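Both of the next two complexes hold subunit A, though its partner changes from subunit B to subunit C.
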Partner chain A sequence: MTDPLAWLVLLPLLWACGAFLLGPGRGAWLAGTGVALQLFCALLVGGSLLEGGIRTHAIGGWGAPLGIDLAADGLAAIMLLLTQLVALPLMLYARTYFAAGDATAHYFWPLAGMLLGGLNALFLSTDLFNLYVTLEIVGLASVGLVVTGGDARQIAAGLRYLLATLVGSSMYLLGVALLYGVYGTVSIATLGPLIDSAAPRAVWLAAGLMLFGLMLKTALFPFHYWLPPAHGSAPAPVSALLSALVVKASFYLILRLWLGPFLPMSAAAAWLAALLGSVAILWGSWHAIHTERLKELVAYSTVAQLGYLFLVFPLLGPDEIALQAGTMQVVAHGLAKAAMFAATGVFIHLNGRDAVADVAGVAGRLPVTLFAFALAGMTLMGLPPSGGFLAKWLLIHAALRQGHWWLVVVIIAGSLLAAVYVFRVLRQAFLVVPDERRRHGAVPRMLEWTAFFLAAASVAVGLRGMEILRLLAIGRQVPA
Partner chain B sequence: MSAGLIFACTGVLLFTMGVAGVVLIDHLVRRILAFNLMGSGVFLVLVGLAQRTDHLDPVPQAMVLTGIVVALAATALALALARRLFALTGKCTLPEVDDD
Partner chain C sequence: MTQNELLPLALLASSLVPGLIIFALPQDHIRLRTTLNLFGALAKLALIGTLLAGVAVGEKYLVRYAVLPGIDIVFRADALALLFVTLSAVLWLFTTLYAIGYLEGAAHLNRFFGFFSLCVTATMGIAMAANLFTFFVFYELLTLATFPLVVHRGTARAMRAGTIYLSYTLTGGALLLIGIVWLSGLLGHTEFAHGGAITSLVAVGSVQDWQLQTIFLLLMAGVGVKAAIVPLHGWLPHAMVAPAPVSALLHAVAVVKAGAFGIVRIVYDVYGIEFAQSLQLLTPLAIAASLTIIWGSLRALSQDDLKRRLAFSTVSQVSYIVLGVALFGPIGTVGGLVHLVHQGIMKITMFFCAGNYAETLGIHKVSQMGGTGRRMPLTTLAFSITALSMIGTPFTAGAVSKTWLSDGAQAAGMNWAIWILWISTLLNAAYFLPILWRCWFQKTPAAWPAENILARGWRETKWLLLLPPLATAGATLAAGLFADLPWSPLAWAQLIAAREYLQ
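Let's look at the complex of A and B:
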């Protein structure tokens, strides 16, 4: 009972139930304490990985064929650390954000616990069916979080999101069913050596269905249609959790399958994924530059930044650089996007309206928040020394080594477009003087500083990149 | 063609019909029903493929049970949201994406 792997799944589920029973006030304290303990567990897992390699845990003492195994390798440990590191400031942020008898808070805490429990279980799962269950927990909790406000726009966005995520996970499950029919197992480790490029057609169909379903859940262009309304209409801490973590969970699963069982058959789809990723970068940035709503700008920026993740697939083969680039992009974007949504929430709190034009003149009133927004924007643009710079640098390095010039062009164009939409907000904040003195209540310090902490962390990971890459190497067979 | 394979093929057919329903239909309740059709299709594939061997395999049955629980929860959530949307807007369809 002392294994941190089990507690990473158990703790959030426990405090979710507790927060439901205790109500929003004490529930928030419980949630904060719970996430702090989870962060401690994740650090323990990371530390023990650096010393002793991959960790596994058989739940309830039942081994793999009968019971459920949890396992953490370097990639899983990085995702766990990222999740708890993003969640902890956001919990503090949400405690202030939902203060003063907001009905939304009643459901936020239990659902946030379910979401974090599902995410942690997803990163630790070792079999395809268990992954399906965790995907559904994450999906249903996310939809619940989107609609916590309960107005018509949120409900419509939530339903759209729910239908998309259900179709995605049903496709995934059909793929799992076909794989089980052919091989009689759902364990990723067992499937790995069984599948080769001469696999029967049902396996190709299964791989196609699973990857397609997961891309729908990751909101890869052209399946991104559900993301901007869902992330753009939810309360700020929810948007931050969803954009930073939830879409990364299905990407993590794609990466797992791609590097594991589907490696022999993935060559055909790699360029398609990269092509869609490139279009996503341009399309998402284009919409971010043109939208009038502030939160939608940040949401479309997520669509664009997710595109970078799919550029790594054609580059994955010969060395580890592309995988390192993808992982750095997941970490840097997760922290930066959480910071950006948190800062956006503060702007909206000040003005009471969600429009880019209303940021005007905010520089004088909220310098800390604006600095957080700018730092997060720096990561999205990929300016040194941020984590985003490291990710894009590694990606360009991998693309040049394999002679794919057009990928470099797309990456640089994406960074320039990111600069346009980030500076669009900053220009409003600095240069334009507001035409009237709108109502502006005082903004609690906690909201400003948690956003700042997340943004600073997204830059700081660029400075501590070597440690992350060292952790990533654990459990990977490094090609000779 | 064995009985198991017939089950599996029927399952794939149902799944395809379900996907078409979720994507093409406007009315929310019918879309939710279509999602349930997809789920039933997957369960038929799971059970059907498990029957191909001589001895019955209990693992897919357990998976189907779990899947039914998940589908029930998802359906309940979707229906609750659809009811709420109907109460707020008086419509049983989703508004167009570019509504702003």
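Let's look at the complex of A and C:
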């Protein structure tokens, strides 16, 4: 048992159990160590991929079709790296955030472990049924995390989220069952060559059900209704995990299915996805510009930024640019959104209130956090030199190449709208506030610097695009 | 890494590193902050000296770093880059000194000087960018780094100015981005080259003229926002609510200059002057520049707020550079390029002086300026020299620019442009001479609006506020009187024009 692939799934489950038994104090310590080890494993996986191509691991020595295979190609490795890289600072952040004997912490650590284990397993799974299982683990752990605080708003949001996530995974499961009925297998690799555009109607139905279920889980407009309340009311580290990673997991799955078994039947749906994505960008931004609450602003920004991911579908195919753009957006947004929720958590920690207007004057009080927020905002606006900029550059490039001008207009409009809601906060921060309105709470340094680290990473990604794209190319048959 | 690769990076680092350290310093480490600032500025000048000497004898300085497949960040310190780099670095030193005096004891100075250094770093990046991708990266960085400076005072008015500034510049940036991506999609990734990067590519490709013309329009709209070309100039008069050193930065060191420089780069090194002429792009550009020159001057006439008048004057003067670029021929090029430097040293002096009047006597309006010549003779002397130079009085920097520009217009056969220059000269006189008359010949009022700094002997204000405008006013005279000596801005502009047209 020395394969890092297996450890990436095992470690979080182990420390989740440990944290449950030991309680929040030592549990936090255990979680931090565990995630650090996971990051190390993910780096090992990435390194070995660059040297030797796709890696697989048969659990317990029983390979597919009898047993369960874990496999990592470039895309999976990027997701694994992103997940551990986002999780590590957030675990340190959460350790400080929940420090003061907060009851929430009892549930946070075990659930966070479940969540990370589920995510890692999802990225590594190779058959549709295992993917369903991991999807449920991720979904239930996420709902649990949203309601950890236990106040009425969180529970209402959590129930709504529970409904959405269960409906989504049931639709997915129904689709898997239909596919199994037709072809007698759930392995993605085996299904690939079997499905073509002349497939029976049941397969089309299955594809539709699975994709819609996953879109519901990814909060694509108009299925986004559950996201703002859930991400907007959860504790800051939870919102960060959910917005940065969980919605990306179902998107990852859509991408996998789209590029894999459903490739022959995806042409029609591609434009629908792009259309919904465009509306999501405009709708999410519009709400982010108008909401009064800070965390809801950040949550609506997630709705908008997820829209960009769906613009890539009509552009996939002739070359790799669109896929590169999508992947870059996933990575950049993951880091930036985690940073932004973490920074927002610090602002709220200082003020005790969650209104955009309460940010007034923090430029003097919390320069590091404000810097973190601004850097994350840079990525969301797609300004250079950030990961978000590279994503948008590639996306515009792909759209222009295929002559889809309206996509360019949407992308640019989305960036400008993002600038409006990001600078809405920054403007407040620079306002000079009379002394009596100023609050004098102390903010632990750890909260500020972990947020800063995440934001700086989202910008640094923009300077290391080459490595990410090299990793992404592994396991893809690149058209000449 | 060879020395020729390290030098451009060191030039960036000489303002970036001190800036980042300053962010991390506690607010009360005044001496350390000042030392870092000055050390950075002086180190930058030393580096530039080495580069100038190298480029003059044909040395190549280039460094590249791959970001995406086929897309690199490339810096190249060529003659044109160094013109802008030298101007910015010299004026940065003076502005830093001035800012230290101006903002003494104010709040959030770490933030101020930190972002100030970032602005200068971004300017260095813009100057040395060797392809449009790199140019865009630093162009947007400049927008972001300037915002905290524009809103530094934190008042509602400053916020409004900041919002207007951002809405203009970010929209412009978006257009620029579309243009750049479109161009690189059509013709592949191209680096700046004398005589035009795309000329040779277009010959073999199947690109249509209308595409290149539309892209040119997008690019010009993008950089035209910062260069304050009418009707994209609306942000500049609002942004003057910022403290005086920031106005100096916007008008002379970085922002407006970055826009004008972008136009120069795109016309000469992306399209190529001859190819741009063959696409019939230069005449519309010249017309836009002419309209801006006249419109800016007309608006300046009616402004009572001194800094607003200066802001509209900048709108007008920066388009001299654009006009020089658009005049097809080496003489006009020299005129435009030399005005890039001359406008910088003139306008920075005027903003220093306006800051001195405001800080020392509380004077913000032209109508309050009566008798200031007796109370603040040195400041007013500096102001007068540069105002006369702006008008184009003989033996000043402004006269050199205007002579070369009108000769260039004649050589290009665009005689109407000479008329524009003359009308502009008259308008310049009409909005500057009344100020000079008020300063020197009107009676001193019984009390100044708010006299904050008392005169001590010849020191009419703090010496840190006094020396920078005197030095730059001296430079204005020197650039005019010694224009024919080697190493003058004019000589360097001639070197660039020679390299640009001999290809």
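The definition used in the following text is that the second predicted complex is superposed on the first by the 473 of 480 C-alpha atoms of A that agree within 3 Å, B and C clash if a C-alpha of one lies under 4 Å from a C-alpha of the other, contacts with A are read in each partner's own complex, and residues count from 1 in each chain.
Throughout what follows, a residue touches a chain if its C-beta (ideal position, glycine included) is under 8 Å from a C-beta of that chain, and two chains touch if they have at least 3 such contacts.
Because the structure is a prediction, the values reported are computed rather than measured.
Applying the stated contact rule after C-alpha superposition, one finds that A:M378 touches subunit C and leaves subunit B untouched. With both structures placed on the common chain, the touch criterion links A:V147 to subunit B but leaves subunit C unconnected. Once the two complexes are overlaid on the shared chain, A:P367 sits against subunit C while remaining clear of subunit B.
When both complexes are overlaid on chain A, the residue A:I396 reaches subunit C alone and has no touch with subunit B.
Applying the stated contact rule after C-alpha superposition, one finds that A:L211 touches neither subunit B nor subunit C. Of the two partner chains placed around the shared chain by superposition, neither subunit B nor subunit C is touched by A:V459. On subunit A, the positions that touch subunit C within their shared complex are 363-364, 367, 371, 374, 378, 381, 383-385, 389-390, 392-394, 396-397, 400-401, 408, 412, 415-416, 419, 423, 426-427, 430-432, 462-463, 465-466, 469. Of all residues in subunit B, only 8, 11-12, 15, 18-19, 22-23, 28, 31, 35, 38-39, 41-42, 45-46, 49-50, 52, 57, 59-60, 63, 66-67, 70, 73-74, 77-78, 81-82, 84-85, 88-89, 94-95, 97, 100 touch subunit A in the complex they form.
Listing the residues of subunit A that touch subunit B in their complex gives 129, 132-133, 136, 140, 143-144, 147, 150-152, 155-156, 158-160, 162-163, 166-167, 170-171, 173-174, 177-178, 180-181, 184, 225, 229, 292-293. Contact residues of subunit C toward subunit A in the complex are 23, 65-69, 71, 73, 107-108, 111, 136-137, 140-141, 143-144, 147-148, 151-156, 159, 162-163, 166, 170-171, 173-174, 177-178, 181-182, 184-185.
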